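Here come two complexes built around chain A, the first alongside chain B, the second alongside chain C.
The block that comes next holds the complex of A and B.
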């Protein structure tokens, strides 16, 4: 009898925390999203079904921010994955100062994303910031480029900044994957006379794949949830807003809790699609 | 051939260092550049005159300096509290999920995994309401619990995979020797799990240090707001004080950077076994 209760007893703190702080709020958010609920009209809260969703899907503002979200997602995902895998292979080369290199590689992760955005604002400063100094110095442009004042260059800069801080996690996960491949496999391949590209294609890449999968999904979630950098680079302006900023603005600036909750649910829907891939790659068995 | 390889490595090393450290170096240069030289229309990278004014102001007990260090203290408090609450709960959950047989194990495990993709915004409005109703706003303990809820799935999952690589025979032998479950956990699991515990602690440290959005809504008073919010206010309130903000940014990265430097070894070794289902 005692044995049967013990596991549940041990899980109680976890279940309580997740129940109260995650599952209840998610259910509550859904019920909010079905209501007409503005903080400016606190006495007029009522059920309106899916009207909030319909209104959002009809609004141009939503599609504009969805485009931005997708643009960021694609750029960040490709950039982080390619550069992160390359960095992990580079860090895997053993040298005297490997440990220090690893610590240096972690640095971008050690910077709060908001502060990160501010640092990069100095680089892409519209006047004589670092990037414009370099470009003008090399004679590539005559006039300073206004990086943060047009939609696509702004989003491009946001992507670079997010990629820069997402690479460390990606590289570490991939490095862990690379280092857990047994040495014997490489020795056997050498004896069989395999060349370097073949070894990479047949051994390194497939065995690193589940780790890359973890990195890719975690990066996707990061990319959908970019918030700090956008705000740090362009304020709460409409220019570079993604769905998350849209949801924040709807909720906390326009004080429309109902509609804000509905926008959030649409973000979550997008994240959930990626989450399914996540579950799959995480539950995959690896065989050597 | 060997020479070529070495040159290639050095080239990669330089690119890596330039891209990783570049933004920090630039922020540092700005932080020691006099205000008037900063906006000059010149392509010179280094200032002609160096000033330590910004650092003197921050370390000299000015109002901004006090705010910055209060923010750092708040962040460290939240880190400590999150570790204190989070690590034991994650260990307990991970042990149970990887080592015990019971009804609903797989269901709970999968439910936990799927919550990894839930964005903060999906829970923040009801949380905000709960916090207002129960007067929990600006309270480090409750703020930390929210952080724990957002890291718990991933950390538990890393730990439980690490545990499943520990051979069952080890445990059985101990049980035969007359150890109870608790003793087995304390004497066998904990000592050999230190890499994953340290690696989890470092992940929790960095992610808590980086928080901005959750505390913006739940803990924005002077006594609780983290360093990221303090630095963000340098930018908006007094319009432009780039040098000071850059100096604050450099100071902000020091505590987590030192921690990462000390524990770097465990970041990889813990994840190596923790990432793959055994």
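The block that comes next holds the complex of A and C.
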């Protein structure tokens, strides 16, 4: 009997913490999302079923934000994965200043996202920001490019900023993966006469895949949750807003807690789909 | 056995630590003597009184004030989060003019007592009054006043001060065509709150009306203002960078010398005389805002005020603090220490006459023209309405919409919001 109780007893603190900090908010947010709940109408809070979800899915604003979210997700995911993996391979090369290079590579990760956005805002400033000065100096353009004035260039700039911040984590995870591959495998491959591309394709990449998977999962969550960079670069304008900005505006700016909770649930749903997909891919066995 | 004991101890320690945060303060009894004599005050940096001023208040009343300095943007969010949970974020809070409608609808502010004498002396009080209830008392006066660079105007051969918006447009064209200033008109065009207020004061000073009695937009007046803005954008009389830079950066082009005309905050009276903030000191003159046929007979105020939260447990002490903070004597002191422009016209007049506010120009005269463009006070849906307005204006500035289309876009949203009220 004692043996049966003890494991549950040991798990109790974690169950309590998870319950209070994770499961309760999830359940509470869902119940809010089923209500008409505007803070400016405190006496008119009532149950409306799935009306908030229906209204959101019918609104142009939501689909516009979703398009922006997907665009950012794709760009950030590709950019971060490719550049992160390349950087990890570069950092794996033993040179005199490996440690320093690693520390420098990690720096963007340590920067708060909003500061990161402000920093890049100066670079892409529509008038004579650093990027425009460079392009004009090199004779590539005559007039300053208004980077933040069009939807797609703005989203492209947001992607660059987030990729810059996300690469270090991806590179570190992949570096750990790369360094965990036994040397013997490479020696055996060399003896068998394998060339560099083949070694990469048959040994390095497959064995790094679970680590890339972890990086991709983390990057996907980052890409869906981009907020500070968008606000720093374009404020709360319609132009570059993603679902998270939409959720923030609905909840905290327009004080519609019911609808805002529904938007939050949709964001969570999207993140959960990606999470399940990546967790499944992580569990696959590696063959080489 | 020993291992089990250690594990159990660790589990107990963890549980107790986790639960510790859920407890309440031991001495947090409501109405305890100590608590009743202490209030919290949440305000942005520019509203924080000096330690000497606060000590003086404590000496006078026995009430201690704990100041919580918070960024202006964060105050509303903190207030919303706390109030949603039925808590007071502080006893006394900053209340911006644009928040008052929603705070009133949400019932987060305690009505305040104000004498008729004060009401007559403080025209911006109207902004914070809903259904006859004064919800907050303004401490920092900000109303729209116009400024022009006399030297640049003269250089372009313009000797007369502009009287109407048509005069301003013609002057800007001359300033540009003579090569005096490339983008002479400074106005906010980015997708942010200041852009909404720019459209409001432009329509208001042009036609004396922005909103109809039912809360919808006045089509004739707002469309005319939008077309005026569109002309400024199309003729590049405003800097293209203003479409994405912050409203304040756009305004600052006047003090930077790259713009010749601005209708903007009253803070530019002092900014224009400060060499650290202005590269054209001595060239900027504050004037009455132009109108359609002559000078406008109205101007719009965007003041900041202090209110007492409904959930405060120290309401009386908090009210005393607000009364003290907005008194005539404190307004003079706060002008000296915090550069706050007084909301009492009598104090403003005294400071201008004593030359404590320099280069005031038409500042006092304009203060007497303050009135609200909202027939029924600031609406509870102001934030959503403003979002629709600034996004439509920004789209027009970026060439995605015409003035008519921008009007239609904002009108659809505002009509829907006004209908839901």
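Methods note: the second predicted complex is superposed on the first by the 277 of 288 C-alpha atoms of A that agree within 3 Å, B and C clash if a C-alpha of one lies under 4 Å from a C-alpha of the other, contacts with A are read in each partner's own complex, and residues count from 1 in each chain.
We take it that contacts are C-beta pairs under 8 Å (C-beta built on N, C-alpha and C of every residue); 3 or more make two chains touch, one makes a residue touch a chain.
Owing to the predicted nature of the structure, the values given are computational and were not obtained by experimental measurement.
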For A:6, decide between first (touching chain B), second (touching chain C), both and neither.
-> both
In the superposed arrangement, does A:127 touch chain B (first), chain C (second), both or neither?
-> both
Touching A:238 in the superposition: chain B (first), chain C (second), both, neither?
-> second
Could you look at A:40 and tell me whether it touches chain B, chain C, both or neither (first, second, both, neither)?
-> second
Which holds for A:106: it touches chain B only (first), chain C only (second), both, or neither?
-> first
Looking at chain A, does chain B or chain C touch a larger number of its residues?
-> B
Touching A:254, do we find chain B (first), chain C (second), both, or neither?
-> second
Partner chain(s) touched by A:181 [first = chain B, second = chain C, both, neither] = neither
Considering only the touch criterion stated at the top, classify A:146 as touching first (chain B), second (chain C), both, or neither.
-> second
Which chain A residues lie in the overlap of the chain B contact set and the chain C contact set?
-> 6, 10, 13, 17, 127, 252, 257
Residues of chain C touching chain A in the complex = 4, 7-8, 11, 14-15, 18, 77, 80-81, 83-84, 102, 105-107, 190-192, 239-241, 243-245, 380-381, 383-384, 387, 390-391, 394-395, 398
In their complex, what parts of chain B are in touch with chain A?
-> 9, 12-13, 16-17, 19-21, 23-24, 26-27, 30, 39-45, 89-90, 92-93, 95-97, 100, 102, 105, 108, 110, 112-127, 129-130, 145-146, 148-150, 152, 156-157, 181, 206, 209-213, 217, 226-229, 231-232, 235, 242, 245-246, 248-249, 252-253, 256-257, 259-261, 264-265, 267-268, 271-277
Chain A to chain B touching residues, read off their complex = 4, 6-8, 10-11, 13-15, 17-18, 21-22, 24-26, 28-29, 32, 87, 90, 93, 95, 99-116, 118-120, 122-123, 127-128, 130, 133-134, 136-137, 164, 172-173, 175-177, 179-180, 210-211, 214, 217-218, 221, 224-225, 227-228, 232, 244, 247-248, 251-252, 257, 260-261, 264-265, 267-268, 271-272, 274-275, 278-279, 282-286
Counting only contacts in the complex, chain A reaches chain C at residues 6, 9-10, 12-13, 16-17, 39-42, 125-127, 146, 148-150, 234-239, 249, 252-255, 257
